[in-house]
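The next part holds the structures, each set out as structure tokens.
Here come two complexes built around subunit A, the first alongside subunit B, the second alongside subunit C.
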Partner chain A sequence: MASTTFGVYDAHQDNSKQAQWRADKWMIAGTLLMGTGVLGIFGLPLFFYGLHLQIQAGKAGLSVRPLIVTLIGYLVIIDSSLNSLGWAMDLFANHSLINRVLTAGWGAVFDGGYFWHYNELTVGPYAVGGAGAPGEKGWEISLILGCFCPRLAAAIGLLQMKRWGQQWLIVTCWMGVIVWIGYNLNMTFYADVRYANITFPVWGWWIYDIFYITPFLSLPYLHTVNREIFTD
Partner chain B sequence: MSKNEISEQDRRRKKALIVFQVLLYSYLLGLFLFQLHLYSLSDW
Partner chain C sequence: MNKNEEKDLPLGTTGHFANMHKWLQRALFVCLVALVLEASFSLPGLLVWFGWPTLSMTEVCDELMKVRWSDDNAECLVPHPLYGANEGEGRTTGPNATAQDQWGIQPRPEYKRIGFRDLVKFRDDRLLREAEAKAQAELIYRTAGS
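On to the complex of A and B.
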């Protein structure tokens, strides 16, 4: 009798794991595409299909990840990827065609720091290139290394329902407070550089970036969620 | 500590974090409005 009961439990666990992985494969594929920025539009339907699979599995009574954890985890992966990839290109691939078209093109519309005098930055005799706006390179390097890459790892840990994933997501959400207080203040002080002679000064940047200015929104949930659902 | 006490603590914690966010977004809104003010003064 006991073995039969465990057999049913094990089968339920196996089915749940399989259903979660099936949904995750679609969501991972969609997120990878959206994380590139350029291919984002192709990633969105794949992500939604995976999300649909997970919701269906939950309705069928299988033990899948809470929906809110799935949404926060994948959203953070996309946010971290877009920032890391975009800024890594500005740092290391600033003369590539894709960067000169997309980053400088984006700069011409929203942020003059990525358009005017683009690829003219030097440090002493050394050519650096990319955005030359005051302070920008400091933000790029420190946030890729100190915030967005750890945040990407934390989001993967959260999706795996690991305790360290939840804890590190909280840590990097609080980093987001420093990031957005400081970055926007820097933009305000150098508004003449960032907004002069571009297509949509001020409001264009804010509409575009409001999506990114959300890391703290999940703090009330992350601080009060039942910690027992995450494993050590 | 009973379960109720924990949830009461969590309730207050959540409230405090929401108040904190309202302050933070107010600050950001302030920066946005100040930038619009700069825009109105300049010839961008």
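On to the complex of A and C.
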């Protein structure tokens, strides 16, 4: 056994690894549910339990991930999942009942881009459907493929304390900064389409969407953390 | 910060950035919880806002379409037929277009704003309008017949 052969250090490493994995199992299960959106309320307690296990392990002197790394990693996964799920529904399931109530209904309340002439978009003779607001489809496709999927992978690397995870999260979080600026300016230039005659214009959108500011909370940490804690 | 205080900091955090990391951690926690609760309650919350359980989910979809194209005849087909007509067909352009827009380089929609449980009210108003129109038509028919 490693603990007897190589001493206390190895035993501590083994115990730490086991404790981290035990906590992660609960947090992964919670995140799978939280990433679905509507089932998130059932995932949150599982996630909290995992978080509790990790904090307890840390207090017991085991070497587990810093809490903030855990929060960044899982929040990025949830943020990416929710964005990708919503936009994938708008792209591929735009005539389903749930999408016409949830996405188009959300549009009528917070963002007219998802309500105005919904499901009318075509490319030549081919039906595309979903949001028809100027620029929106381009953002959806490019961000799912170019930003959220790589960011989700980077978050998994970060949670594994890999150097590539930290580096790619920095890259994709900077993409997120461009997304926030570009997306909001696009909405601003087509403000009538987005906000005329909807229930909670502009301020409603901000209250709903402000919790997606993950990149702005992650970058200051990722740039100031001692990167030696991440391994190659 | 002395050596002992440095030792209490989380792994990877130096004394210089300790305060910033503490506040970032708090904000990250708030965002995570808020995001999950928001995503969980969006569908039920919107349904209640629109008129569920008075209106079924299909009826909500139906009323939303009637508002979108300002058209009492717009209908939410469930399931939407594969290769079926575009939902806005004939409603956005053409002689019988019903959609209310100020068209221009930056179009402005002129549909009705949907307040709390307004879709129930819209439905009741429409049913009343239809009943009145029917009664009116019957009256004309009877008057013409006599």
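One rule holds for everything that comes next: the second predicted complex is superposed on the first by the 226 of 232 C-alpha atoms of A that agree within 3 Å, B and C clash if a C-alpha of one lies under 4 Å from a C-alpha of the other, contacts with A are read in each partner's own complex, and residues count from 1 in each chain.
We take it that a residue touches a chain if its C-beta (ideal position, glycine included) is under 8 Å from a C-beta of that chain, and two chains touch if they have at least 3 such contacts.
Source: prediction; values computed, not measured.
In the superposed model, A:155 makes contact with neither subunit B nor subunit C. Contacts of A:40 after superposition on the shared chain: subunit C is touched, whereas subunit B is not. Which of subunit B and subunit C touches more residues of subunit A: that partner is C. In the superposed model, A:192 lies in contact with both subunit B and subunit C. In the superposed model, A:28 lies in contact with neither subunit B nor subunit C.
When the shared chain is aligned, subunit B and subunit C each come close enough to touch A:220. In the superposition on chain A, contact of A:100 is made with subunit C only, not with subunit B. Counting contacts by the rule stated earlier, residues 191-192, 196-198, 213, 217, 220, 224 of subunit A appear in both its interface with subunit B and its interface with subunit C.
On the side of subunit C, the complex with subunit A involves touching residues 10-14, 17, 20-21, 24-25, 27-29, 31-43, 46-47, 49-50, 57-58, 60-61, 64-65, 67-68, 76, 78-80, 86-88, 92, 99, 102, 106-115. Of all the residues in subunit A, the ones that touch subunit B in their complex are 177, 180-181, 184-185, 187-188, 191-192, 195-198, 201-203, 206, 213, 216-217, 219-220, 223-224. Taken together, the subunit A residues at the contact with subunit C in this complex read 34, 37-41, 43-44, 63, 65-69, 71-72, 74-75, 78-79, 82, 95-98, 100-102, 104-106, 108-109, 112, 115-120, 122, 127, 189-193, 196-199, 208, 211-214, 217-218, 220-221, 224-226, 228-229. Residues 10-11, 13-14, 17-18, 20-21, 24, 27-28, 31-32, 34-36, 38-39, 42, 44 of subunit B are the ones touching subunit A in the complex.
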